[in-house]
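In what comes next, chain A is part of two complexes: it sits with chain B in the first one and with chain C in the second one.
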Partner chain A sequence: MTRLLGYQVRNVLRSRWLAAYALFFLLVTDALLRFGGDDGKVLLGLGNVTLLVVPLVGLVFGTTALYEARPFTELLLAQPVGRGQLFAALYGGLALPTAAAYVLGAGLPFALHGVPSGHGASLLVLLGAGALLTGVFVALAFLVALRTDDRARGLGAAVGLWLALALLYDGGVLLLLAVFGDHALERPLLAAMLANPVDLARVLLLLRFDGAALLGYTGAVFARFFGGPGALVAAALLLAWVAVPAAFGARAFRRKDF
Partner chain B sequence: MLEISGLTKSFGRLPVLRGVDLTVGRGRVTAVLGPNGAGKSTLIKAVLGLTRPDAGTIRLGGVPIAGPGAAGHAHRARIGYMPQLAAFPAHLTGAELIAMLRDLRGAPAAGDDPLVEALALAPHLGKPLGTLSGGTRQKVNAVLALLFRPDLLILDEPTAGLDPVSSGVLKDRVLAERAAGCTVVVTSHVLSEVEELADDVAFLVDGRVRYAGPVEALLRETRQTRLERAVAQLMRGAPAPAAEAAA
Partner chain C sequence: MRAEPLVAALLLAAAGGAQAPATIVVSPDGAAPGAVRTLGTAVRRARAGDRVVVRAGTYREPTVVVDRPLTIVGEGRPTLDGEARRELLHVTASGVTVRGLRFANLGRSYSEDRAALRVTAAGGCVIADNDFDDTFYGVYLADVDGCRVEGNRFAGRASSEAASGNGIHLWSSRGVTVAGNRVAGHRDGIYLEFARDCRVERNASEGNLRYGLHFMYSDSSRYVGNVFRRNGAGVAVMYTRAVEVRGNRFEDGRGPAAYGLLLKEIGDPVVTGNVFARNTVGLMVDGATRLVAARNRFAANGWAVQLQANAQDARFLANDFAGNSFDVATNARDAAATFAGNYFDAYRGYDLDRDGRGDVPHRPVRLFALLAARHEPAVVLQRSFFVGLLDASERLLPTLTPDAVVDARPAMRPVAARAPSPAP
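== the complex of A and B ==
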């Protein structure tokens, strides 16, 4: 399995879009560091870009890669290799280099300009959350692509998922608050946040930044609820958000008729 | 070598295989023919393990490989598969792809396959596969299928996209493998190619085997001299010749 993973990683590392993705975060971070004002704002700005871009890229790269690899996947399935192993190699072969490209692109400018004093841990949390989000959304992309044989519909569903989770979700939560403002809504809100990995990542960042600048309403609720160990809980849940879709993806892959 | 019995498969409500019974003899070349949608691809995918049949069994050399009691995936080391579409990871080289398949099969790093030289492929093996022409990728495809000296060779439209010289080289190699005892299953729309290669024909219509038997028997019983005419007669729905048992 590790050898197969090695070939997949090698193939992805040589592709131009991965370099472009790393370069994008390199330029954004560099620009924020040069013109972004104080250190906390740089990290917040980078956090906001991460929460929008990483899910989109994970979904689009993930679905496109799986559709493009379909004929080759069939050739590999005809070899003496288990489907579970093959799925792990395909998933890891895409998620690992993509996460590495994000960490490298967003992290390198800090290495050059110097990490803002007192924000080292926050930077690590941000890069870790971005890497985890990559794992989440590549897994979701694989799940979508395995469930939908039609490429256009699959890509559409992936972009729709991004719209829903990264953009519309918080709007919906705010709308609920406005409508049911006079009820106790903490529990439903918490449940709503567990159901969205982007919100979980947002909570991780928000807890680091002391809730000072709001990245979204749901995040603030979560921060108040969990207090100190909240970051650990959010990180553990985000890990579950990687593991569960990946497990469902592996199941769909094992059962699929190619 | 390959025994298929009672194989059925539906996709949703659409039945594609409706009880296929077919025996492919060892050391023979069997062409799977039939109109579009007859179930040829699904049948081949079931043999390869890409698609799971709803019912029925497939045995390879007596060992069940699909259906009740089917073994894992070790038997696939005995199968060489040349898909119709030669699509490979764009940024790997041909040499890396060959190394990858060797790793997957745990095969010893034997020397280059003679096909690499015969197809003049060596100068292209160091280039990224995405930069190769369709014909050159198809040559890589052929090498991958034959590299491991399989007992069962499955070729899906093998000469599509190949120039006449390469096509001839590949066909000669397939016949040489057959002479060495390899069992070959081939699909092709080029009936002259089938005539050149095949000992037996399995003709599928609507997910069932309409005819299975030696090519000569088919020609004799349809009173034709060319396979194309004989197949046309089968497609028009003339009563199937009684040679099925000859398979």
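== the complex of A and C ==
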């Protein structure tokens, strides 16, 4: 198991895409720190990029990696290796280096330029949310790639999933809010935010940067959630968003006829 | 006590003579030569202009009425204990000074405005360097002229608005100075109603249930260099003309009805050089005429400025807006205000001629701010990519945000802290 994982990690680390990904975040963060000026603004800008790019990259990396590992997987499955172990190695071998590339790329410039005073905790929340999002979307990508054998369709589905979760979802929520504005929408809205991993990560950032505005709304449910255990609940659900798709992926992997 | 008649005789003799101010000592055991045991006795014996020195200890006695001009000074911070049922000092004469005392334990009252130190219909009093611990109302001034309330400390234990009083309460007064006090744990920290020509300076009002400072019908008053922090509803200024609010800090006013500073029905207010930080709403302008807000810094608020459409001729000059969820929000598209030379960290323009002013106008009201005003829960969609797209498209082609709220040439860098230049 560990040998498999180690092999897979080394394999991923050799890919130029991963280096390019880390370099991308390195450059973005460095540029923000150099030209962004106000300290809080840097983290907010980085947060926006994270929420958009990390899910996309997780999905694209995840699907292509699983398709490319197909011959290797089939070879290993002929050996006495448990399918659960192999899936764990494949998943961990991609998710861990990708998350590490993100944390390093986004975190290193702060190590060089210094963390803006008073924003250390916010930076940790941001990096943690980015790492978890990586885990979520690599798992979702594996699910997609296991369901579709056709590579092009799989990739298309992955990008579609990204569009849906990162962009259209919030648009739909806003539309529903406008249409049913006269009703008490607090609870459904909160549930909608907690059901989407991108929104979960965003809520974690909101709590750090827009706490004052979140407490402005008169609704009791909001006040109780955001004034109380909001951050913990969001973080726990984000973890669940890693575990549940990964578990489904493992099940699909075990049952799949290669 | 045997010495008392002697002291009285001496005092009478002194009174019959040159009328030089005498000193009367109060101590709990009456031990000092010529001392009396209660403040009430001392005040009744004193003549106008005398000095009453209260030695360290705890005094439990009926409410003391100070009906002649005296100087009452505590030595070693003596405590007047209200035993949870009565007021402590009631000043009804002009020219009274109260200094260095500790007022404690007034209890709660639902039927009367029980106050530790009440001044009624008097002038020229000085209330300085006293402690008020668990006093329902601390200092209560009614029909007072030219008093100073200075350097006192108020620590209330307010738990609900109905069962709590104000730290410093002014009613129908003129020319009162409230300076350098620390007020915490009351309903309103500092309360002024029908108080004209008053000055509130360098006070710290923190952690009060309702307002840090609450004033109504108090024309021509000045509020300078105060700190208002973590008060339930922030600071409210209502139904008043010609107010000057300068160099104060309004911080951490959080909640659905919390404002850093609420201006309601105000004529000609001047708000300059203040800091508004981490409030749900930094500055709420509800029915103000000719507001001038200049060189203020709005940082990390939910809404930096909420401008109701009933505000007329408001001018925002050289303020800084940084790190707020929403910089400016309005409740109607026809809202109007003049914005000139402000710094917005959300500004996306450029400065080709390098004169420090942006070359394209900035509209500080985001489309999403309007949406969030109409559908409040939408605020959780803040910073989502979709909302960013909405705002960007509105910036390119403004159709919904107020036409009249626009800064034609915003500053490229923070300006509020710089030396003032002539206003444009």
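As a convention for this text, the second predicted complex is superposed on the first by the 241 of 258 C-alpha atoms of A that agree within 3 Å, B and C clash if a C-alpha of one lies under 4 Å from a C-alpha of the other, contacts with A are read in each partner's own complex, and residues count from 1 in each chain.
Convention: a contact is a pair of C-beta atoms (placed from the backbone, for glycine too) under 8 Å apart; a residue touches a chain by one contact, two chains touch by 3 or more.
Worth saying up front: this structure is predicted, and the values here are computed from it rather than measured.
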Partner chain(s) touched by A:7 [first = chain B, second = chain C, both, neither]: first
Dominant contact partner of chain A by residue count, chain C or chain B: C
Which of chain B and chain C A:47 touches, first, second, both or neither: second
First, second, both or neither for A:181, with chain B first and chain C second: second
First, second, both or neither for A:75, with chain B first and chain C second: first
Partner chain(s) touched by A:203 [first = chain B, second = chain C, both, neither]: second
Touching both chain B and chain C, residues of chain A: none
Of chain A, residues touching chain B in the complex: 3-4, 7-8, 10-15, 68-72, 74-82, 255, 257-258
In the complex with chain A, residue positions of chain B that touch it: 11, 45, 48-52, 72-77, 79, 81, 83, 85, 87-92, 96, 100-101, 103-106, 128, 144, 154
Residues of chain A defined as touching chain C within the complex: 37-38, 40-41, 44, 47-48, 51-52, 166-168, 170-171, 173-174, 177-178, 181, 185-186, 189-190, 193, 199, 202-203, 205-206, 209-219, 222-223
In the complex with chain A, residue positions of chain C that touch it: 254-258, 278-281, 300-303, 322-323, 325-326, 345, 371, 374-389
